[in-house]
Amino acid sequence: MEEAGREKEVVTPGEVLGKASDVRAGRGAYVAPHNNLVYASLTGFRRIVSPPPDSPDQDQRPTVEVTHHKAHGVIPEPGSVVLARVTKVMAKMASADIMCVGPKSVREKFTGIIRQQDVRATEIDKVDMHLSFRAGDIVRALVLSLGDARAYYLSTAQNELGVVSAESTSGATMVPISWTEMQCPLTAQIEHRKVAKVGG
Amino acid sequence: MAGKPGTNPTTYSPSMATGKTRTPIFKDHDVDWVRPDGRGFHQCRPAFFRTGAVNSASGSAYAEFGNTKVIVSVFGPRESKKAMMYSDIGRLNCNVSYTTFATPVRGQGSDYKEFSSMLHKALEGAIILETFPKTTVDVFALVLESGGSDLHVVISCASLALADAGILMYDLVASVSLSSLGKNLVIDPVLEEESYQDGSLTITCMPSRYEVTQLSITGEWSTPKINEGMQLCLDACSKLAKIMRSCLKEATSTSQE
Amino acid sequence: MEYVSPEGLRLDGRRPMEMRQIRAEIGAVAKADGSAVFEMGNTKVIAAVYGPREVQNRSQQMNDKALVRCEYSMANFSTGDRMRKPKGDRRSTEISLVIRQTMEACILTHLMPRSQIDIFVQVLQADGGTRSACINAATLALADAGIPLRDLVTSCSSGYLNSTPLLDLNYVEDSAGGPDVTVGFLPKLDKVTLLQMDSKLPIDIFENVMQLAIEGCKAVANYIREILLENTKQLEYRRGL
Amino acid sequence: MVGLSLGEKHFIQGGIAQDLRSDGRKRLTYRPICVETGFIPQANGSARVRMGATNVISSVKAELGKPSSLQPDKGKVTIYVDCSPTAEPMFEGRGGDELSMELSVALQRCLLGGKSGAGAGIDLSSLIVVEGKICWDLYIDCLVISSDGNLLDALGAAIKAALSNTGIPRVNVAVGASGDQQPEVDISDEEFLQFDTSNIPVIVTLTKAGRHYIVDATSEEESQMNSAVSISVNRKGHICGLTKRGGAGLDPSIILDMISVAKHVSDQLINKLDSEIAAAEADEDES
């Protein structure tokens, strides 16, 4: 319904993008319940995305989005996969600083914790935190919940999740050799980790 | 009066809603008020906005209304302080401060706390707080020079800075204040007029949704006068919002090129 | 200055062994679990008790007994000349501590482990003996809240001016600089839980003065008991018993 | 503050929609107001106001001071509200400061008028003793003892009652003091001047819950509000101040509608309050 030339139109928060009966609100847009209009909530370029023709639901309204490179810094939400650096390992949990949410790096500091029962999927009560993580490890984890006032709850209980990069005691980056072990290329010493399955 | 809206986006003047021109009747000398900067009663000061004034902030804006100059920076959303209770919606933290040279008397003024809480109330309703649970957005406003109507400049400027930071908002927030001097309603008062005012009316609104987020009135007002004052302010707000929008659009298009 | 006239009357017309008029009222704060107003002459104090409830600050939680907390504050208009004191000055902190320790001693804290009891006392008017009035008000409020107590702790002060022991000092007598003994007393157990004195006093006179304060405490205890009985009767009556 | 279950919320909202609130009131009915004057004998004037479980004390203290150089013909009035932790454990320590400040600012805005003093409920020029030299500084201190919603209206009523209870000593200025010298004054302890309180506005807070407005909301009802508008109205029906609380936006026409409702309600409230104050004064004189 929109011609291509108008795709570059810049909108600012509060501008009307269309009627809720005609378009769906995507990112950077919202529907006001009192008058059923779709408004922009971001500054940026308006884009109309047509629904995939094979979409299962009956709703064939196009989605209107507002995109801009300067959207606010990403924040972790439940379900997002994050990269975090382990800062402290305790008997029952490890705390980590979240560095990336999905492909984007965060602008501000967010803390997360991996509890003992969230390290792996099986035999969760036999997990030894010190044989799973070491301070300084880079971990890929899933945000379980917003957690408490202090930290987000993270989980590594999947094959693809866990330590992706770690340094050995001698300072070299270790090579994963199994899902529980990593080896130092210099000293051939083996250390225990909850290793993530990367690639393949 | 300044030019028609649209032709000259940096000055604006609301037209009277009723359409008839008001001829103030000056019965006694006190009422005969000539504005110090020679504006019409219903004419705002020239407004100037610019986004991206502070590089380290997530978003920032600078605003200048006559002599009133403010700078607002927005940080976050970032992790709430440890002492805070868990909340499933975002928090807004506002702080207004003055430079020591903002006022004619050095380092004077003590109602920042009040301003901070008013800024908070004005913005809170416009931000979609649900989009950043558990985190805080900090808004720091600094009044570089105080030239009257400081708070409403701060509010408008802060909403621009929030938009610049990419915080999801229901609408921009525009704010305009008005003084009642004798029988006259004077829009966008300067410092001198503020100190003589009999009453003031400040409106903060979301112009495109046509909703008032904050309204405060001091002094004695009759209902018709409130009507007139509100109409004038709302008119001015929507014009102010146009300037703010054009500023944002300009910034976005230039950054894209 | 003469605090006791030759006829044996004090500045406000009382006899040396006479207390000021006391008045108490239960249930001034509807939302609190227990509350009371206590007046001793012109001194007027309100106390509210919240709890036992969940401990707000986890690290303070105790597994074997309840946590008792107390905050004492003075209204701006409570003293003769108006002043705005910042909250939590040294004097308030000290009195908060005194009240907390006194009340903690009489609450059966071991019956309510892992819980918290908050006592807030607010001075509406200060005319000497605020410490005592606060303790009395807090006792009533705790009793109103139904918190198990060892005994009703009551308090009264006494002093020694013009070679006469005086009961229940008012502000003028209190600021005369003479000795001032505040006693907290458990009347049924016949035990002293709080004893504070400023200035100096010979041992044998001190015993007299303290005995006088204890008598005062007993009188207060009788009055408080009456008020509580009256209140209970009222409650029974309202429930149609 | 008040944790309500979904069922309770529906109950309150449904009651408001049907004009029958949880405590049996209609939407625009106040709880019974109970005024007690002379509550703090040490002050120049004081009052305690109870509206249901909301309980506030207001005291007026007058001190001689120097008028500000900007307004040499006017006295000064300061309003300060303190929230006692007895009302809410949350107010412990500095916890009540934010609310205290908000209430103080709102009361000042509603009762003291514009910067030039026009529209003020309290006639500031009546506080002057010697122009430019001596004036009365009026300190109005309020204390929230117990809170169950609608604090602002209760505080406004308490201040009005306390001011009608206030007697300011007559001051005799010694003749002959000239020039820059501070004139000598003699404060009479027998003769007291009463305030004219007929101009002091009352504050009506309309709380918008759903599509309706209610007055005198309890704290349970306040937790359901979208937004609230506090309007102070004087006997002449003029608006003396207005503050909007609560973040949600309101359509301007709704605000105007709320103003007219508030004016209507204020009429009854002023009469009710005046008769309560008169009754309380009579009570005090008897005892």
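Side notes on the structure shown:
The chains carry the letters A, B, C and D, assigned in the order they are written, with residues numbered from 1 in each.
Everything that follows uses one rule, which is that contacts are C-beta pairs under 8 Å (C-beta built on N, C-alpha and C of every residue); 3 or more make two chains touch, one makes a residue touch a chain.
Computed from a predicted structure; not experimentally measured.
If each chain is reduced to the average of its C-alpha atoms, the one that sits nearest the average of all protein C-alpha atoms is D. Distance from the chain A centre to the chain B centre is 37 Å, each centre being the mean of its Cα atoms. Taking the mean of the C-alpha atoms as each chain's centre, chain B and chain C sit 52 Å apart.
Between the Cα centres of chain B and chain D there is a gap of 29 Å.
Of all residues in chain D, none touches two or more other chains. Residue positions of chain B touching 2 or more other chains: 170, 206, 209. For chain C, the set of residues that touch two or more other chains is empty. Chain pairs recorded as touching, per the definition above, are A-B, B-D, C-D.
Remark: chain C residues 28-32, 35, 42, 44, 46-48, 50, 71, 73, 75-80, 82, 84, 87-88, 118, 120-122, 124-125 touch chain D in the complex. Only residues 113-114, 117, 121, 124-126, 170, 180, 194-200, 205-206, 209-223, 226-227, 230, 234 of chain B touch chain D when the two sit together in their complex. Against chain B, the residues of chain A that register as touching in their complex are 10, 12-16, 28, 30, 32, 39, 41-45, 68-73, 75, 77, 107-111, 146-150, 152.
The part of chain D that touches chain C in the complex is made up of residues 39-43, 46, 52-53, 55, 57, 59, 61, 63, 80, 82, 84-89, 92-94, 139, 141, 143, 145-148. By the touch rule above, chain D contacts chain B in their complex via residues 70, 98, 101-102, 105, 109, 112-116, 118-119, 229, 234, 238-252, 255-256, 259-260, 263.
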